[in-house]
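Dumping the structure here so I can ask a few things about it.
The first chain written gets the first letter, and so on, giving A, B and C; residue counts start at 1 in each chain.
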Amino acid sequence: MTWLFFQAVVSGLLLGGVYGLVASGLSLIFGVLRIINFAHGAIMMLGMYASYWLFVLVGLDPYLSILVTGPLFFALGMLIQRIVIEPNRAAAEHNQLLLTLGVALFFENLALVLWQGDFRTVRVWYSGASFLVADVLVEVPRLVAAGGAVLIALALWGFLRLTDAGKAIRALSEEPEGASLVGIDVARIRGVAFGIGSACVAVAGALVTPFFYVAPDVGESFNIMAFVVVVLGGMGNFLGALVGGFIVGLAESLGAAFLPGSLKQLVVFGLFVIVLLLRPEGLFGGRGGR
Amino acid sequence: MSSDQRDPVATPIGRRRFLTTMGAASAVALAAPARGRAQAREVKVGYILPVTGPLAFEAQLALNGLLLAVDEINGAGGIKSLGGAKITLLPGDTQNKVELGNSEAARLIDQGVTALIGPFSSLVAFSVRQVTEKNKTPFLLLATVADNVLEGGLHYCFRMQPNARAMATLTVGNMIEMAKSAGTPIKRVAIMHEDGNFGTTMGNHVEAFAGKMGYELVQRVPYNLRSPDFTAELSKVKAARPDLLLISGYYGDSKIIAETAAKLRIGVHALVGLANAAYSNPKFIAENRELTDQLFDGNYWHNPQSPRARAVFEAYQKRYSATMSNHGVQGYQVVFVLKDALERAASTDREKVREAIAKTNLADHILTQDAIRFDDAGENVNATPALLQVQGGKPVVVGPARFVEAKPVFPVPKWKG
Amino acid sequence: MAGRIGLFLVVALLAALPPFLPKYALEVLISVLFFGYLGACWNILGGYGGQFSFGHAAFFGIGAYTSTLLFLHLGLSPWLGMLVGGALAAAFGLFAGYLSFRYGLRGPYFSLVTLAFAEMLRVIAVNWKAVGSSLGLVVPNRGSAPALFLFAEKLPYCYVILAMALAALAITRIIERSRMGYALAAIRENEDAAEAAGVDALSTKLSAMAISSFLTALGGTFYAQYFAYIDPSLTFGPAISIGGLLPAIVGGAGTVAGPLLGSFVLTPISELTRAVLRGRAGADVMLYGLILILVISFLPNGLVGWFRSRRAATGRTA
């Protein structure tokens, strides 16, 4: 029983790191644009396909593909924001939500049309690598994914804290009117924020490709998880998302190990609802739901 | 009439079809179910499969089998008792959606098919059978495993493959037999299954038959198909110390489960797929040689002892440059069941064909079973899954005894602790 | 006056057409009416109340499961079971609504929490043997038994869903013109201002929720009787939630005819794309995504809103 507990903790934390990176991007987008990006999971899925195709066509290792897909999806994110979201920034909140839903439906089915529903897998030399720590299994690709996710999230946090662009983003996120008054190019910053958020999630996709399969609907489960994590960590709270990721990953894994059936999903959603109702600003404080 | 209908755009349905059928509306609406003349030059047979969408790959494999069979029949002179009438395959694409299954079935029936073949997913089958029953059209199930699809006193629905109960009980039974002969009996069984209809059905049977078949079900773990990580679930299984782990899942999840189970040193004698979509799938095996080596799977297969089956296997390989999978076997054989019925009915009248199908007693087939016969509910009474094991990069039949083509490797060392 | 005649003609056409349709077209019409109905139900809370639920499947599923379980275990006619299902769904709607509204969830947060509720019900159903878990429930084939909401032909089902759709639109119309309708409109525009003006936002929203969830549940029973099979993913899944709100948005949220119009536009588009783009599953939903974006961007009041503004622009009045 103790072994089971520790194994569940370890695998939960490893997956949680990835959830954290996915959620960070979502959190950033919310903080700056005030929209809940329903297309987040779809962009992750596209990021996974990008890594897959780079691997199949050019032999590029998924981890290295980040160097390509990161900038690529940054640009794609900015494009989506510019074309779909920016023109509608004055629309009602729920309409903006529907916009991102439309983007999600579009991309998920574009992938289905282009690449059908077959599961694609990337097999690299380290795909099977793993080691045991006192009988607890640690799989190398998952460890790298979690570690990479945390590093990238921390790097971004540093970017937000230390660079001018980052400060502009934070300014816009905290004080939208004041930000434009001091001369910040608000429209451009919004695009940048969406771009960064998209890059984050596409990179997260690249990180999971070595151990997960690629299919048009793989983004869906990460999408839901990202919402839960962001609500838990606090909308717009970047680090909160990272920590929230670990919490959700843990909850899910422990739920799988100790609850009957496939009720682990209930744990995650239950947590979601409770936080939404009782502390919508999240455990660590964020934009809040009221 | 060519049956080469991979892309069936003979008449784009939609506006044109709508208008032309509107024109003939009253006649069609009042038409009696039996359409087509007794001595037609062609027999229209419709298939409804998820040719596009998430199950496209598997559906194509089944379709390949269908086409192979139809071409073979037409090439050998068609249906003799109908004066050499050829089979025309009419396509239907469900995209694996229930509403589309319905409308495609309705459309094909409007077009005058004598029988329908399909639809793969049990969910789609539940609603299509309503359509075929109401329109008194024979419906031959393909790859539909849920037990209750034939529930409810249906007359026009037939299932050639083993249903879930047969799959589960016979596969586990075969494994227990084999384990006994190998001197390492199976007492503790665990099953991990996807939590949808398919997996849950399998899980229910394995649980229900535990006492009767002499094993203890020490752990049953339903899982969410889309999960990226099954370590916790597998840890739960490992903690229960089973002798055998059964996996009823689809492609992607089964892969992750097998990988994780190996790394966790799950400690079982063998990992056995239960109608698993991946473990005897040639593509999966080719892409995961090391992982799949010596995996078992209880699944649908052709009979390697039958010269005819071997010939068909070869023909499929030649035509499609790929190994015939269980979907292809089903697709191929179901057409021949229909052909046999058509010959005996000597008519394209749906009622007469239904009667003929109900009286099927077909021994000349490529399956691992005795003669194909249907009971009152429409189930194939002798349906038997094969027990396969991946050896040397391909699935070979290691059970039941009379179909065996290789000795099984059991216990499988790599799964042990 | 012209509007009245037009309305009468449309209804008359819809009533007269079905017997002449070939099976396939009849299926399509039933599908159109079904999603139009769901859209109309959603519209009461979403379009009129401004509370965009992404989890209406929760009520749909409750309706479908309640009437089917009562039918299977107690032999209760689904016509009656439907009402029980509606009541249960309304109760759940009030529960979920109260929690959400009382805790001040608005806009996207409300959407997310409704999504979570629907998913939770789905997971519960999957893991609950007594309701069939993933095996689902089969509605037995009894041939023709109208008293048990079972028909041997498709045609009667078409008329049932037609009646339901028209009734839903009528109810929407009645609400629109009632005090509740005005209160909802005020809440939709600016909830805080409405409250300040004396509108009891909480009870108004809850009323809308109750009506919307009750009616949606009836749709669940129809589905169960028509397809004769239900399971957790079919009834509690996002396809139903999204399938209901899409026609309402496209046709015009907050208008009476919007949902039905939206469904009449969307469903044939789906059929056409499938016909024209054979071998391209997902093309139709891709198009839906695009349409949704275009509608939100350029026709935020949907098709009905667009017609109205065109009419106003050309200076014509009804």
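Points to keep in mind about this one:
Just so it is clear, contacts are C-beta pairs under 8 Å (C-beta built on N, C-alpha and C of every residue); 3 or more make two chains touch, one makes a residue touch a chain.
Quantities reported herein were computed from a predicted structural model and do not represent experimental measurements.
If you draw each protein chain as a dot and join the dots that touch, every dot ends up joined to every other dot. Between A-B and B-C, more C-beta contact pairs join the chains of B-C.
Set against the Cα centre of chain A, the chain with the most distant centre is B.
Chain A and chain C have CA centres that are 32 Å apart.
Rounded to a whole number, the gap between the C-alpha centres of chain B and chain C is 36 angstrom. Among the residues of chain C, those touching two or more other chains are numbered 126-127, 280-282. Among all residues of chain A, those that touch two or more other chains are 112, 116-117, 216, 261-262, 265.
Contact of a single residue of chain B with at least two other chains is seen at positions 52-53, 56, 195, 222.
Across the complex, chain B is touched by residues 1, 3-4, 7-8, 11-12, 14-15, 18, 112, 116-119, 121, 123, 128, 130, 137, 139, 142, 208, 211-213, 215-218, 220-222, 253-254, 256-258, 261-262, 264-265 of chain A. Residues 7-9, 12-15, 17-18, 21-22, 24-26, 28-29, 50-53, 56, 93, 95, 98-100, 102-103, 106-107, 109-110, 123, 126-127, 130, 133-135, 146, 148, 151-154, 195-197, 199-201, 204, 222 of chain B touch chain C in their complex. Chain contact summary for the complex, chain A toward chain C: residues 35-36, 84, 87-88, 91-95, 97-99, 101-113, 116-117, 216, 224, 227, 231, 260-263, 265-266, 269-270, 272-273, 276-278, 280, 289-290.
Chain C contributes residues 19-28, 31, 126-127, 133-136, 138, 140-141, 152-154, 227-229, 231, 233-234, 271-272, 274-276, 278-282 to its touches with chain B in the complex. Those residues of chain C that touch chain A in the shared complex are 50, 52, 99-100, 103-109, 111-113, 116-117, 119-120, 123-124, 126-127, 242, 249, 280-283, 285-286, 288-293, 296-297, 300.
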